[in-house]
């Protein structure tokens, strides 16, 4: 059986925040040295203007079987496996260089939304089996996380690459919350060990399964 | 100027709950006796199997300029003006006759999602001007509320009716929360007066404006 | 039967916020013109250094049967009827003149805590009967709201006045949330009509009942 | 320097729940084999009728320098270091043998409340330094957790033992949330590793410090 190629992306620190756990998750994934997976990890700048080109270049260069992007969602309590990417850039706050588009599309000629092509229900089940709190989330919001997810789904389809793409939102790290000011000082958190296991489960499930399972959701 | 025709829908009580504020909102909207709007109010059963036919029949019969559906979202604290309807039926709980589809489409041949065609940002602005807490929400979830919103958007486009369609989620009523058991006994609520004003603002904005405004979002 | 005397207090606007719903609630209570209640409404400055003297002066001057203080609790979703005032000033933010005591007592020689002497369970029941979301809360926090509640309870006991004293926390007003920035833009709110009814129920219950009822709590 | 004696208590599983992370925390604390601390771990039944006698017997037998009780608080996102124990039994749900007292005291002749005598601010600071999300909480509620905390504080004072006593509330474990039904399936959680470090920091700080530090709180 041939090796699978996986691109995993994380974000550089956002704004004033001094860390972003997704970069640690890239490092931890790389350290796993998967024998049967060629893993490419990419650090993505928090700049709307650079994301689409970055995704396009990486898809062209690596032609991956699986594309999984990671993003921090302060306030989230469980791993959020995103179902939907919308063709919307509607930023509640500016990115790291001051851009704050609103009511704009990601691709003017793209459809209104894409469904993730990684097996989201199978990933949710794999996380539950490992004892990792998780849910399928129905919106990746309208910020940079949605933009990269939409870009990966749209471009892999337009280029006919067959890449399965998706997005995981992760909670704050404990260390961040322990030192954060109001109102983040009581935000939920998740240990890097557990988040790293979640990323591993998502990578394995996405490379091992051709189709998703059918399973009832656990909440609204 | 000719009169506009508006269909407004609400839900019958769900499951064990003894009330649904959306029915009160239908009554209150009817009592406004809009001089320039022909308002049709529809009570929708909490049955996945009946919703699509009900929407199709009403669109055929009334050919409305505007379609606004209302739904209760226990736990919501502000009016949620929905941006997105997904082609997904993935019910976290059964409907009133025990149906609980999961990982199914609303229309097998429909696109993955529609954007609301009522002017969501202009409605959000109108609500804010009236002092009513509101937000644009990026997911109508995957339950009956999403199903009726998707059906109205898909069928009005397929039938080329030009109907502007959308969905508002509303919080629990104070009376409901006052008598609810754990964990709903501390859920946020909104008075029927305020919710009714929100519906009025949505109807007026949707009938008076041809296009939406562009405005930055206020949160994630 | 002789008339009862009631002192009702509210806070002036806090910090940068342009309004405080408790002042509106004082006005609305005064407008009720209770035939059998002599109502004194007091506006309290957001200054730790002035509160104790203000309470002492008012208790001496009016010798009220009932003392009810009101305070805003941003983020609260239901009326919070406080059970406990602690002998602690531990301010998470500064007051309006920059004072921010921490780990200090309200009265160096007072007991660690007082229980409210207004009938909190009977008030909770009265609110529920009127359809107003409410709960008994077990901590008035350690800010100015706790300070005024502790002061009223301690001084009325030390002076042997027989005053029944207590505190109600109220949610944000809808108008405030409608115009608030992140993260308050999605905070729960309650209409002034409903909050005013809650204050009325608390005043009536506190003046009409000599003892509290016994009733199970509804949540944690 | 002589060895310190510490009693650490956890709860047996509550009701239908199949686990309680506090028992794991007892095991992990025991495994640390503190060279300079004599640690006694106690499993406490979820029965109001047994708690006071259990505390009294343990205080008599061990005469500990420090008493720390642990309890699960589903929905909590950070370690809650309790400041206050109230002389109130007001159970929102029944205990494991069906007892559900309301509006009763823990000790009829005790004061209304006690302040924790372990150094809560120093513990909060120690947790923050270790990167563990934590807060000082102002109410231990009115259930069994409050009852054991009040009992330990009251009895150690009445018996003049000089024991420093306190209580830590902990979040759900990730494993529990991963398999929990609505609404607990999205509750915050904390890894046992982190919770165990928090208990260690609380034990060390309570045995090493004679007095608490003064420090501003971080939230409401």
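We call the chains A, B, C and D, going by the order they appear; numbering starts again at 1 in every chain.
To be clear about the criterion, a contact is a pair of C-beta atoms (placed from the backbone, for glycine too) under 8 Å apart; a residue touches a chain by one contact, two chains touch by 3 or more.
Not measured: the values here are computed from a predicted model.
Chemist: In terms of C-beta pairs in contact, which of B-C and B-D ranks higher?
Modeler: By number of C-beta pairs in contact, B-C is the larger.
Chemist: Taking each chain's centre as the mean of its CA atoms, which one is most distant from chain A?
Modeler: C
Chemist: Hey, how far is the Cα centre of chain A from the one of chain C, in Å?
Modeler: That gives a centre separation of 46 Å.
Chemist: Using mean CA coordinates as chain centres, what's the gap between chain A and chain B in Å?
Modeler: Centre separation, chain A to chain B: 30 Å.
Chemist: Could you tell me the distance, in whole angstrom, between the mean C-alpha positions of chain B and chain C?
Modeler: Chain B and chain C have C-alpha centres separated by 38 Å.
Chemist: Using Cα averages as centroids, what's the distance between chain B and chain D in whole Å?
Modeler: 46
Chemist: Can you list the residues of chain A that touch 2 or more other chains?
Modeler: 92, 182-183, 218-220
Chemist: Flag every residue of chain B that touches chain C in the complex, lowest number first.
Modeler: Spelled out, the residues of chain B in touch with chain C are 77-78, 127-128, 130-135, 174-175, 177-179, 181-183, 185-191, 193-194, 218-220.
Chemist: In the complex, go through chain A and note every residue touching chain B.
Modeler: Touch list, chain A to chain B: 73, 83-84, 86, 88, 90-92, 100, 102-103, 111-115, 121, 136, 138-139, 141-143, 212, 214-220.
Chemist: Where on chain A is chain C touching in the complex?
Modeler: 92-93, 182-183
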